[in-house]
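Same chain, two partners: subunit A is paired with subunit B first, then with subunit C.
Let's look at the complex of A and B:
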């Protein structure tokens, strides 16, 4: 092939479009000033929608471009779709907040779009360098968004903490990547897969050490125990719609990357990384369940909840089978819907001077705002995994995959942890329905909030009626990753 | 050959000496100047290796930009370096022990065969430009803008995000600043600006 030929651009069309759109939005913002923030938010949502359509129109099957560094496959399409939905909904949720809290600066939607570009590149990475660049693009934009309320001490603290620990994780990941490159002689995922699958390759301790470092870096990004320390502080300090974004889009992208890295280049070393994943998964589930019990801030509670949920999602990866990957993808899809809904409720918790975040503020919500309380109840029961709500099915599929992979211990710990975890979710329901009401929230539900709440609530509650499209989509995506 | 060896030892010795002086110098400005010396000598080493592009980049980027930035920071921030240095001796024993343990572990690891066995070589698919025919710069460009164009552009976006982020977090719109407005100055007419008063002698204004 002629090295000077233009690489095939069509497979990367969604990313190229979104990138161009982000630059165009930036220009509009620069010339329009902060007054253009609201139109920019709408434009950003439109750009993400177009990306979503382009994604669905993309090539079928597996396509590789940019000299093998960028891969498009059904797995990528599924995860990217989830990321785009998460980012879109996060912008929708932030519309009211940024106006009330004086955060209307035009860079906000632009940075979210740029972070989304990074997430898409992460999911499509087929090379260690591409992986790192996608990850950095995403992280760098998110660090800034976390500290977006630069006059608030907590927001800047969250941003700084996220940045310092994120840089440390990136360092570990890079160190691991350099070891893998040194011991296999390549950065391309396909070549690494070939290098580690030849007999005797597992003797190379260097590759394994590199793999463990990469694992640690990725575990930080999905906030799995023991690399979870940043999560509660960042979730609490960041502005609430930003926390909603953090809880969904980057998590999905990081888990997608995690699955691809473990199951494509390092598939031959499954026996080695499986043990690590099992430990991380158990630790995350247990810590997520136990540490959340004593939390009083709803945002910290959601942080521990997300740590626990990442533990459940990793069960599917530990199984390492196509069924496990399908379970993870179903889990992620349901997780995104539940979390967006819960954060929509949290964003409705406004009273007088501003946002309130203590969970006791929810007391008696059933009498002051019955519909809001009903929606929250659905999300809490679903997060706890009570049948027949969507969250139950998410857990069901990963546990089934674990049992079929003969990881009985993991499945048992998972079930026990979800029973323990149910306590703090149900406590919120109890607060809302059985405790004396506090003051009503201020004009709680705006138009777009109501739409998000209804949509996510209905999807969560009635998932069991028609689960076929999600199951089929996840199965196709999983088949692309694990033949 | 002998000239090259002499040059190598000269550059290497000066680099090491300068590096030691960076941390040993009492005056922080001297530290930065020694850092610049170390950079220049490393650039010399690069030239000896035939990596002239890296050598030039080292001088332009590190000496021209980074070291000068350090110099600005050192001069502008009021950092009490004597105070920073105070804990140094106090932590030296424990730090030294940790360093020695790390060194011993690394030596043990290198001594064992386990880490030495590299995975069987894979036929690398990366093309190599004819390094003996073209200059470094041309060879790098040949790869950077063709095979690695995706990574090059992605790195560009990362830098753009860094720039936007820095502006978001630090730029403050100051109100009430009196800026020069050239248009306004030029629009000003004599009639609006100057008022002629007839002053009667000895009458006062």
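Let's look at the complex of A and C:
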């Protein structure tokens, strides 16, 4: 290839468009000031929507561009689609919040869009350098968003913690990448794959240690134990719509990247990294189930819940098969829907004096807001994995993959952990239906909230009626990654 | 088909009244159940006439119940003279009790439930007497047990009623355990449980033994003994009789139907039905005789001193059942069934009569608070007299015929224990007459001991209650004289093949030719008993108290019912409770719950506390955790790949 020629830009059109859109939004914001926050939010949603369309119109099959740094394949399309949906819904959910809580600053939507660009780049990374760049772009935007309420002690603390630990994780990742480069002599995923697939060609231990460091960096992003410690504090401290964003979009992107890194360049080492993934997965599921039991803040509870859920998702990765990847992708899709729905309920938890976050504030919700309680019940049962709700199928597919990969212990621990975890989900349902009601939340529930609640609730409750599109899409995406 | 209708009509009524009671209301439930059972009763009488004409065993196959390997159980009705008599007795008394209940339960809020239970009981009892194999018999046996439990505890808000219901159930369980073992033994010995096979195979097994835990046991004796255990429980024979007096906690119609006329006689019926087995087990027959005679006397002595009107009659029932059993024990099965038949009338009459008294006295059952009621309750007074005369065995009344033939059979029998049975029977007859008149005198004569208010309200029962009383009174007068010839007459071919008596055991013929003094003895002792009661409760009312004071131990012994309940409390209930408590606390509480649900939950809580404690909030802790994690993984690989 001629090094001076312009690379093919068309495969990266969604990312390029979103970059341009982010800069345009920034310009509007700079000239329009904070008054333009609201229109900017709508514009950001529109920009993400256009990106989504462009994504679907992109090339079919696998295309590589930017000198092999950037890859577009069905796996990426599926994962990016989820990221975009998550980001869009997060902005939708924040509309009411930023108005009531005095967070109307124009940088907010712009930062979300920039973070989304980073996530898309991560997913498309086909090179360690591209991986790092995408990851950092995402992270830097997210650090700022986490601390977006500069006047709030907790928010700034959350942002700072996230930043420091994130920097540490990035350092580990970089160190791992340099080790891998050192032992294989390349940063390209394809070349790494070729290098490690020949036994004895490279120093296995060196590569593996490098892989462990990369893995730690990625595990930090998906908040898997023991790299999860930031999660509860950041979830609790960050403004709630930001928490909602954290809970979905970056998680999907990070898992996508995780899958790609493990299954493309390091596929030949699957026998080695599988053990680490199994340990991380078990630790995440168990800790997510146990630590959530004693939480009083619904946001902290959701933090542990997401740790647990990432553990379940990693089961599919541990299986290492196409079935496993399909399971992970189905899991992620359902996870996004359930979490957006749950955070929509949490964002409805406001009274005259402001937001409330204590779980006990939900007591008697069935009498004050029956529909809201019903929606929350659906989400809680689904998160707990009660059939026939969507969350059950998410777990079902990863467990099936684990069984077929003969990871029986992992599947058993997963089932046991989900039983333990069911306690705190069902406890919320009990609070809502059997405890004496507290004061009603503010009425009326905003239109866009109601729409999100209805959509996610229906999807969660009735997924089993017509699961075929998701299953087929996930299968195609998985086939692209694991031939 | 006729017989299937007889059996199934009450079931249909029970289902309608039980499940749709709210829909059809009290009147609807009353009408459905009463009409169904009355129809059943009428059809039974027609059926009896038919079956007597036929003389042979008729079978109505309904469906195959079980088919498993060599084991088959068909649901079929066996109709012969014995079934015919039982059908008439059961459905007849049941119909009268149904009608009576309309009046007696008029103020109860749960009438449909009550009527449904009564009808369900009738169905179970009818399927018991029509059984053609032991399993079917067992079905009816347990069915009546269940209904008995439900009806004793009908007033479930009364703790005493619940306790009595549970007691009845548990005591019956002991007998039924034997019964079930007996059925299994029959299957083991005969390879089948239908009556024809068993009866046909019994002679061949006479004297055969089997080995159990190193003991050589006679097969038939063991089987019949186990089966008789069931009969002892159901028919309240000594040892397993303690539930019957307590069962009086149920509504009085229940006592009349279940605990006097029908269910408690199921044991007698079973022994008669299985006479082809019992006949080849002389030791069991002797045991039956001893148990029956002992019960007859024991219950009669306790009846002397009880003050609850229903309890006296309950002990009387117990005692009369003893008569029936020792009649069966000396192979006079027909006499046993004859007494069962007449007893159903006069005992139901006495219970329903006492029910009318209780009804009139605002639910008072203690005779010490009655007296002087004969003016207020003339009809009840009259029928109670008739019932008592029949019970005491005064000539021309029903009990005279049946009790006479039993005592004569006992006298004439060659059984080694027949003398014991005869003399105890005579002794019990004196006591029977005495306590019957004690009831009459204490209730209806003398000065009223109830409060003036109660006395003012005392009134004769409504027609729905008095009409059944009058019908039963007619039965109590006539049943003996009319049924004597066919049931126990020398020329009678009534029974056909329904009962088997071996030639060497045949006793009825001899019973008709006993010395005159034997024939006269029951009447004479009855009169003595009546006069003694008259002397002690009318002529000289101070005597009973003086007697009780003179023999305090004896009095307390009788008043406390021979201390059976206390004995069981110490010997069985307390140890069982102790073991149960220990298993509950230690076994279930500590082991199962401790390591199971509670333990797991507690562990989770403990772990949850630790897991949350990990989250210290300090940045360097978090970073440290990450580094530790990575160090562990790297160490793992270094170790694994062997540096």
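Everything that follows uses one rule, which is that the second predicted complex is superposed on the first by the 479 of 483 C-alpha atoms of A that agree within 3 Å, B and C clash if a C-alpha of one lies under 4 Å from a C-alpha of the other, contacts with A are read in each partner's own complex, and residues count from 1 in each chain.
Keep in mind that, in the parts below, a residue touches a chain if its C-beta (ideal position, glycine included) is under 8 Å from a C-beta of that chain, and two chains touch if they have at least 3 such contacts.
Keep in mind that this is a model prediction, so the values were computed, not measured.
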Checklist entry - Who does A:221 touch here: subunit B (first), subunit C (second), both, or neither? => result neither
Checklist entry - First (subunit B), second (subunit C), both or neither: which does A:230 touch? => result second
Item to check | Touching partner for A:134 - first (subunit B), second (subunit C), both, neither | outcome: first
Checklist entry - Once the shared chain is lined up, is A:204 touching subunit B (first), subunit C (second), both, or neither of them? => result both
Next on the checklist: By the touch definition at the top of the document, which applies to A:80: first (subunit B), second (subunit C), both, or neither?
Outcome noted: neither
Checklist entry - So, A:144: does it touch subunit B (first), subunit C (second), both, or neither? => result first
Checklist entry - Is subunit A touched at more residues by subunit B or by subunit C? => result B
Next on the checklist: Let me test your reading of the model: by the given contact rule, A:172 touches which partner, first (subunit B), second (subunit C), both or neither?
Outcome noted: second
Next on the checklist: Quick check for you: in the superposed arrangement, does A:111 touch first (subunit B), second (subunit C), both or neither?
Outcome noted: first
Item to check | Residues of subunit A that lie at the interface with subunit B and also at the interface with subunit C | outcome: 204-205, 209
Checklist entry - Along subunit A, where are the residues that touch subunit C in the complex? => result 161, 164-165, 168-169, 172, 204-205, 208-209, 212-213, 215-216, 220, 225-227, 229-230, 232-233, 272, 275-276, 279, 287, 290-291, 293-295, 420, 423
Checklist entry - Where on subunit A does subunit B make contact in their complex? => result 3-4, 7, 19, 26, 66-70, 105, 107, 110-111, 114, 117-118, 121, 129-130, 133-134, 136-137, 140-141, 143-144, 147-148, 150, 159, 182-186, 188, 191, 194-196, 198, 200-201, 203-207, 209
Checklist entry - Contact residues on subunit C for subunit A in the complex? => result 604-605, 607-612, 614-615, 617, 619, 621-623, 625-626, 628-630, 633-634, 636-638, 641, 643
Checklist entry - If you look only at subunit B, which of its residues touch subunit A in the complex? => result 114-115, 117-122, 124-127, 142, 146-151, 154-155, 157-158, 160-162, 164-165, 167-169
